[in-house]
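Labels run A, B, C and D following the written order; every chain starts at residue 1.
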Amino acid sequence: MDNTAVLLIDCPDRKGLVATVSGLLYRYGANILHADQHQDREAGLFFMRVEWTLDDFDLDAFQAEFEAIAVELRMHWRLDVSSRLPPVAVFVSKYEHCLVDLLHRHGIGELRCSIPLIVSNHPDARPLAEYYGIPFHHVPVTSDNRVEAEQKQLALVAEHKIELVVLARYMQVLSTAFVAQFPARIINVHHSFLPAFTGGKPYHAAFARGVKLIGATSHYVTDVLDEGPIIEQDVTRISHRSQVEDLVEKGRDLERLVLSRAVRWHLESRILAYENKTVIFD
Amino acid sequence: MDNTAVLLIDCPDRKGLVATVSGLLYRYGANILHADQHQDREAGLFFMRVEWTLDDFDLDAFQAEFEAIAVELRMHWRLDVSSRLPPVAVFVSKYEHCLVDLLHRHGIGELRCSIPLIVSNHPDARPLAEYYGIPFHHVPVTSDNRVEAEQKQLALVAEHKIELVVLARYMQVLSTAFVAQFPARIINVHHSFLPAFTGGKPYHAAFARGVKLIGATSHYVTDVLDEGPIIEQDVTRISHRSQVEDLVEKGRDLERLVLSRAVRWHLESRILAYENKTVIFD
Amino acid sequence: MDNTAVLLIDCPDRKGLVATVSGLLYRYGANILHADQHQDREAGLFFMRVEWTLDDFDLDAFQAEFEAIAVELRMHWRLDVSSRLPPVAVFVSKYEHCLVDLLHRHGIGELRCSIPLIVSNHPDARPLAEYYGIPFHHVPVTSDNRVEAEQKQLALVAEHKIELVVLARYMQVLSTAFVAQFPARIINVHHSFLPAFTGGKPYHAAFARGVKLIGATSHYVTDVLDEGPIIEQDVTRISHRSQVEDLVEKGRDLERLVLSRAVRWHLESRILAYENKTVIFD
Amino acid sequence: MDNTAVLLIDCPDRKGLVATVSGLLYRYGANILHADQHQDREAGLFFMRVEWTLDDFDLDAFQAEFEAIAVELRMHWRLDVSSRLPPVAVFVSKYEHCLVDLLHRHGIGELRCSIPLIVSNHPDARPLAEYYGIPFHHVPVTSDNRVEAEQKQLALVAEHKIELVVLARYMQVLSTAFVAQFPARIINVHHSFLPAFTGGKPYHAAFARGVKLIGATSHYVTDVLDEGPIIEQDVTRISHRSQVEDLVEKGRDLERLVLSRAVRWHLESRILAYENKTVIFD
C-alpha cells in the first residue's frame, strides 16, 4: 500500500480554490490518487479532500508554501500521512460487540491507527483486551466519583497523546469539560436512528412506537447528548414479530457497522464537520 | 385469480385459538391458501389471518357458526371476499406523484378496490382524474371555510359509502370529527421517517439535522398529527451533496412506495392495528 | 434554476489534469458548482465532471481554448448546457409502468429533455402518450418484418434528431446495426439483477433458483444482449411466500427506479462508460 | 428464557393439516408461542413450524401420538427442544472474520448450540479458538492428501456427533462423499450474490462486470459447488471508486451477516429445504 498524504480543507467559498490547490500540487509534481470537492452554496463554504502519493514529493516544502496560501484564503486544514498511525482510545462498558468488531478490524489492518489503551467502567472486557495485547484500564464510575473517574480517564488519554476517543457502547455520559477537549474527536454510537429515540432505552421506545425499521447512528460527541454531527446511520427492517430483545440483537449488527465506518472514515481524513453536520468524502 | 375469503381476527390470547378456527374451517371443507398468526404475550393478544378459496364453500353457514364462537372468545373480526371491491376515496393536494402511482396500480389490477372519487383542495389533478375516468371534486379549503369544506367532503364520502380514505399527499389537516368517523380507515403518507420530523417541512428539518438517510411513513390517521399506527416505512441514502430539493425528489419515490404498500395491504386485509402499532400479515 | 454548463472528460491519466482544467475555468471566471474526478490507476484513465454557472461566462471562447488542450491531452469530452433539452425517444411494449413513471417525472421537470415521440410494437400505450401530448407511433414487429420495422424506427429517430433512446420495457431485441448507431445512447432496463438471469423470463428463473433478493438493472445497450455497461441496479427482498407474480409486481417498482435514475444521470451528463463499466458522478 | 419445543413439518398438502396439528397440540394443553405455515400450491407441499412452551407439557406422549399421525400424512418432521444444544463444528481457512463473528455471537448466547471443535487447514486461527476455549484441529490440505485430510475431518466430526458443519470461509471443496453425509446440514458462505459469480475470485469478477451492488450468500452445501439451496443473501452498494480490495472489505460485513443469520435460523429450526430452495420461518 502506498504511503500517501491527505489534505483536508474547509474555507469560505470563492472562485479558483480548486485551481489554486491542484495547481500548487501540480507544481510539486504530486501524483494525485483522489480529489473530491463540495460547496455549500447557502453557507458559502468550500470543502476539499486531496490524496496523493508521497514518492518523490517534498512534503515539507509543499506544506510551507501551502500554509501561506491557507492563511490568505482563511482555510482550516489538516495534512495527514498514511504511514502515521494516530493513537486511538476505545471506551467500553458491558456490551463488547462493538469492541470485538473494532479490535478485529484493527488487527487485520482495516483501521490505520494504534490503540494504546482500552478504558472501561466494568472489568468484563479485560480478557478481550489482553487477547489483543492492549492495555486495559478499569475505571469504575459511580454517582459519587464521576469527577475523579473522569480525571483518571483524561490523564490516561493525555499520557498516550490520544487523538481520537471511540465510545464503543460506553454508557456513561462524558462531562462538558471532557467533550470540550476533543472537538470532532470523540465518536459515539447511539443505538437508534437519530434524531428519533434519543437518550436511554431507545429500543424500548422504538418498540413502543411500532416503527418498521430500527437504526443506529455514529456521531461526533458534543455537549448535548445524542445531538452531535451525524457521521453514519443504517437501518434494518423489523416486524410485529420482533420483541425488544430482537431489536437489541438486530441493532447490534447496525451499531458495529455504523461505528466502524465512522472510525475508519475519520482515520482516513474523510470527514469534515460543520454546522452540526458532516461532509463525508468516501 | 381465485375468489377467496379472508378472515382477520384479534382477541384475548388463550390456548386453542388456532385449533378452534382451523378446525371450524376444516369442517366446512376450506381449502386454506394462507394462514398466519401472531401473539403479543405481554399484551395478552392473539391475531390471525386466514385466506381460503370459496369454491364449494358455504360462506353464510360458516359465518353464522363463526359469529357465535367469536362472541364467546371475545373476538374482533372481519370477513372479506376478494371479489368485492371496497370503495376508496383518494384525497390529493398539489403534488400528484402518489396519486399517479396509485391510479396506475389500480388500473393494472394491483389495488383491488373501486375508486369512485378523487377529492382535492386544488384543481390541478382534474386532468389526471379524467384520464382514468374517475369523478374529480375540487373542494377548496381556506382558513375561513374549513368546516364547510369538510362537510362537503364527508357528504361525498358518505354518498359513495367510502370504506377507506387515502391521503395521497393531501396537505390539509382533517378535523378530529372527520378522523373519528374512520378509525383505522384513513391512510396518510408523511414525508419523513417517523417519529422523526413530524409536522411541516420535514425535508428541511432532515437537511438541517444532517441525517444520512431520509424516509417516508404511511400510517393510519388518528387525532394526533403524524402519531397514528405506522403501517410501512422506507428509507434512502443521502449525502452531503444532497440539497433540500434533492431530498424532496428522492423522497417522492419513498412516499409512493410506502403509501401504495399500505393501501394494498389494507385492501388485502393484512393489517391489524392495536396499541398504536400494526401487525402486518404479508 | 441556474443555467449551467457541464464538462465531461475522460483521457489517459497524467499529472496536472485537475490543475489544467480547473485553472482554465478559473481564468474564464467560472463559478464552479460541482467538480468530481476519478482515476482508474490500473487502466491508466482519468475522468472528470465539472459543472459551473453560465452567468457572465464566455462559453464560446472557453470552448475554443479547451478544444486545443483536449487534443493535446487526448481527451474525449462533452460540453452540455442545462438549458438545452436533448430529444429523447421512448420505446415501450405492453407494460406501461416504466413509461408512466418516466412521463410523470418528465412532466414535473425531473428529466431535462424533450420527448418528441414514443414508439411501440403495440397500440396499448397510445392513450397515455396522448394524455401527455406526445406523438405515438405504433410500429408492429413480427418475425417477418423485423428489418422494415426497424427501418421505420430508425427513420423516426433520425427525423427527430434523437440523442437518447430509452427502452422502457421494450421487449423486442434491437439489431446490431441499430445499436451501432447509438453507442452509449440506448438505455435499457432488464428485469433482473445482472449478471444473474439474463435473457427471457428472469423472474421465473429467480423464483426457481430460490434467491432471497430480486433486482432490476439499467444499462447501455451493446450488441450482446444484457451485457452492456451497467448504470444502476437495485434489489428488494422476497421470501418463500412470494410467487412468480409477486416477483413481477415487486420487480416493477425496481424497474421504474433503476431506469429513471439512469435516464436522469445520463441527461445530467453524469455517466461515463468505459471497459463495459460506468463511472457515475452523482 | 422459556424452554420450548419446535415442531418442523413438511408433507404433501391436503385439507385439515393446520387443524390436525394445532388440534393435537391443544389437546395436550400446549401454550403456543409461534405458529407459521406455508403452502407451495404448485408443488403440492405444506410446511409448518410450531413453537410452544414445555411447562406442564407431556412431550413424550405428544410425540408418540404425533408420530402415528405423521406416518399417515406422510410427513417429514423434526421435534427439537430449545434446552438441547446441538453440537456444531466450524471449519475455517485463513480469513477469520466470519469465525470471530460466530464465536462472539455464540459467547453472548445468540447461537444456541455447543461448539466442540474448530477445524482449519491453516494454523492461524488457533489463538482465537483458544481464547474461546474451543479445541482447535489443524488439518492441512494439499493436492496429495485430500482423501486422508477429509477422513481426519470426518472422524473428528463423528467423534463429537456433530449435527451441523459451518464453513466459515473455509476455502477447500468438500468431497461428494462428505457432503452426502450431511444433507441440509452443512452451511457455507459464498462471497457473491448467487447465482452470479460462482466459483473462485467472485469479487474480481464483480469488479470486472461493473455491478453497482455486491453481495454474499449463505446456503446448504450440495454436491454441486455454490448451487445448493440459498438460505440468506444481502447486498451493499459500491461505486466506480471501489477497487477490488474495497469490495473484499465491504464483502466481509455481508459474509458475516448472511452466515450468522443462516446458522441461527438453522439452530432455531426455522429452515426447510426443498427443490433446491428454502422456506424460512423467521
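Everything that follows uses one rule, which is that a contact is a pair of C-beta atoms (placed from the backbone, for glycine too) under 8 Å apart; a residue touches a chain by one contact, two chains touch by 3 or more.
Since the structure is predicted, the reported quantities are computational estimates derived from the model, not experimental observations.
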Exercise. More C-beta pairs touching across which pair, A-D or A-C?
Worked result: A-C
Problem set entry | Identity of the chain that, by mean CA position, is farthest from subunit C | D
Seminar exercise, completed: The distance between the C-alpha centres of subunit A and subunit B, rounded to whole Å, is 41
For this session: Report the inter-chain centroid distance for subunit A and subunit C in whole angstrom, where each centroid is the mean of the CA atoms.
Result: 37
Seminar exercise, completed: subunit A touches at least 2 other chains through residues 34, 241
Exercise. What pattern do the touching chains form: line, ring, star, complete or other?
Worked result: complete
Seminar exercise, completed: Per the touch rule, the subunit C residues reaching subunit B in their complex are 34, 96-97, 100, 104, 108, 110, 127, 131, 241, 249, 253, 257, 282
Exercise. Any idea which subunit D residues touch subunit C in the complex?
Worked result: 38, 40, 193-197, 208-213, 215, 229-235, 239-241, 275-280
For this session: Can you check the complex and tell me which residues of subunit C touch subunit A?
Result: 15-16, 18-20, 22-23, 25-26, 29-37, 39, 41, 237
